[in-house]
Amino acid sequence: MADAYLIPAVNGVAYGLLLYTVAAGLTLTFGVAGVLNLAHGTVYVLGGYLAVSLSDGTWTGLALGALAGTGAGLAAGLLLWGMLRPIEGRGHLAQALLTFGVALAGGALLVRAFGTDELRPSLPAALDAPVDLFGHRYPAYRLGFIGVAAVLALCGVLLVRRTRFGAAVRAVADDRDMVAVLGLDPRAVMAGVLAAGGALAGAAGALGAPILGPGPRTADTTLLLSLIIVVVGGLGSIGGAFIAAIAVGQVQSLGVIVAPDWAPYLLFAAMGVALLARRRRWAT
Amino acid sequence: MKKWPTLAAVAAVLVTLVVLPFVLRNFALLTIARVAALGLLAASTALLTGTAGLPTLGQVAPYAVGAYTAGHLAHAGAVGLVQILVAAAAAAVFALLTGLAVVRTRGTVCLMVTLAVGELTAIAADQWKSVTGGTDGMARVPAVRAFWGGEPMLKGVPLYVYAVGTALVVLVATWLMLRTRAGALVRGCRDNEERMRASGHRVGLILLLTHVWAGAVAGVGGALLIAVQRYVSPADVGFEVSALTLLAVVIGGAASLWGAVAGAGAVVAVRDNLAPAGQAPLLLGLLFVAAVYVLPRGLAGINRRRDA
Amino acid sequence: MLELRGLSRVFGSLTAVDGVSLTVSSRHALIGPNGAGKSTLLHLAAGNVRPSAGRVLLDGRDVTRAGPGRRARLGLGRTFQTPALVDSADCGTNLRLGGRAPVSLDDVGLGGCERLPAGALPHGRRRLLEVAVALAGAPRVLLLDEPAAGLGDDDRALLLSVLRAVEVPVLLVEHDQAFVRAYADTVTVLHQGALLASGTPSTIAADADVAAVYQGAAC
């Protein structure tokens, strides 16, 4: 019965859009500043924990949570920028290792503060209630999330493709020497990009908490799936990342129902195919 | 090229290794045996990261393949030697398949891809109940006999000799390999890929073969883990172990095999003795950050890579 | 022999190389003002860049779709604008990595440097080592990217004598006009990606169009 797959498929879309937002933040930092931020998942979880703490079943609580998550993410991004400054000339590996350490330590601190359960925020009653979707009952929040995330994704694409700011971002992502050519201060660019990436992750964490809630394994899962999306999507292709995100979302939700044991191998295979199909080698 | 201080140091280490079984107690010897297993994992990471210029967070994957393979063989009654050889072969095949994709990447992208490979393998280990026992892992592995006609190794001394001996053989073999033309080829690919290509060398193939060798080394480490612990679970091959390994490599100097092993020892010593229960990730994370700030040499050899 | 037929390379709206054809069968220099496309043409010949149009033939064999590694194995040797060496390895190892042809460090004035790390050499010596490495590969055609750049008089003289002893066709991109006059027997001038003139060094030196291009390019 195709019916039985409708709900997981819709879940997959929601999940995919959420992952796309997270992966977008990772790509932004990686593409423009060349920094592989392995603490990205930790920032997502931070946003989630804040949203959970501030949510109290009211719309205000929801809004506060979203704001707090975004703000904390932005702050985390700036903190990371500060930590990366002293090792600026030491190459991309050193930066990645630093963020790795931050992810480990930060994750441990968050678990200490919030415990080892996977948490969910309390939503306002209107959003918690199910809605009728083709004869099935479906959580209103997720539908709302899909709508909002899709709009935001579209805005993001338009921003990058149609504005001068977006053109500058793409130019710098293509060739980091462009920063000087465009007359921008490289330190400001790095700070801005890390802050923006962090804000995206924090916002995604806060708003996505009802779908992918904060817990001890969430940071790893989020980071892993984002990395896979970035690689499969073609390392910098916005359209590619979007398709990859939806696909990964489906693997994680629909895939779990249809063929529960196959998820890791599918993801393995997708990455392998993406890398083998590319003619050019990828470097930083 | 051999200097007296180096020879003296090597002699001192060898003498110490020989004397330790007479001096240390069972538990300490078992710990060292476990360090031997992790040391091979760290050495394989150093081989790829420092010598080949392919920074990797994914060597836990062939390590896991080696461990679970050895575990099955142990249940089937195979002797240690067979376990080691088959585990190395299985890990090498795995490294060949993943290597086809990994050697197409460089730098940060390589780190991303290998991280994903490592994580996905840990998840597969968690889910593939029929082969790996799932989350509970593979337990009650029979004690390993090193050779046909040998005694099952349960105590510290035989396991120490088995593990440290095997690790030494593998490390020396790798070290010797790197002193031949093969080593020059690998280092050449790391330092100036464009030049190597322009001289007609097949860079991708050289890196792939190195990736396979490193996989085999990690696989042997996994086999040693099974012999010592007689138990393996996804926790032994997860994110934290990757972190531990990379920290060991950073501390030991990325391009040094022996440094990586020493680093593994240091990290295990710190974790077992200084970390209060359950605080290992926090400590590891802080150590990582500290190591990056304090040890620029730890990453020597990797940042020299010139991307073509 | 190296043949470039109708090679073009377009980057978006910028045409770096525009339908250039030339045959390298002797000591062939490629000159032109900055931005003329000389480096791009050399990269096209070497296989580092894919052409938008045209073909590259090495001893009659079409290597257009072959990458730099494959072209090297088919007999194409080259040096780079910045001498490309394995700095962590010593001179002897670098030479051996280049190939098995009977070229020795003595031939390039580096006798006794067998154990010296290539990274420790000054620029001129690095260039000479790089040429030796390229020659060690027994190339059938040699591509040189501004080999004389930054060389002192002694090193330049040594480079000239080394290159004069090379018996295979050589294509060299060079700004140093004196070096070109001393070494090349054919000169091709590129301007704005297209072939402007081709001939012997003296013909080119006397060519009014070429002179105009260099005057114009000075501003």
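By letter and in written order, the chains are A, B and C; residue numbering begins at 1 in each of them.
As a working rule, contacts are C-beta pairs under 8 Å (C-beta built on N, C-alpha and C of every residue); 3 or more make two chains touch, one makes a residue touch a chain.
Keep in mind it's a predicted model, so treat the numbers as computed, not measured.
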- [ ] Go through A-B and B-C and name the pair with more C-beta contacts between its chains.
- [x] A-B
Open item on the list: Let me check something: if the centre of a chain is the mean of its CA atoms, which chain is farthest from subunit B?
Closed with: C
Open item on the list: Can you work out the whole-Å distance between the CA centroids of subunit A and subunit C?
Closed with: 48
Open item on the list: From the mean C-alpha coordinate of subunit A to that of subunit B, what's the distance rounded to whole Å?
Closed with: 32
TODO: Determine the centre-to-centre distance between subunit B and subunit C, using the mean Cα coordinates as centres, and give it in whole Å.
DONE: 44
- [ ] Write out the stretch or stretches of subunit B touching subunit C in their complex.
- [x] 181, 184-185, 187-188, 191-192, 194-203, 304
- [ ] Can you check the complex and tell me which residues of subunit A touch subunit B?
- [x] 30, 34, 36, 38, 83, 86-87, 90-94, 96-98, 100-109, 112, 220, 224, 227-228, 230-231, 235, 260-261, 263-265, 267-268, 271-272, 275-276, 278, 281-284
Open item on the list: With touch defined as at the start, can you tell me which subunit B residues reach subunit A in the complex?
Closed with: 55, 57, 98, 100-102, 104-109, 111-113, 115-117, 119-121, 123-124, 127-128, 239, 243, 246, 250, 279, 281-282, 284-293, 296, 299, 302-303, 307-308
Open item on the list: Give the list of subunit C residues in touch with subunit B in this complex.
Closed with: 46, 67-69, 72-73, 77-78, 80, 84-89, 93, 96-99, 133-134, 136-137
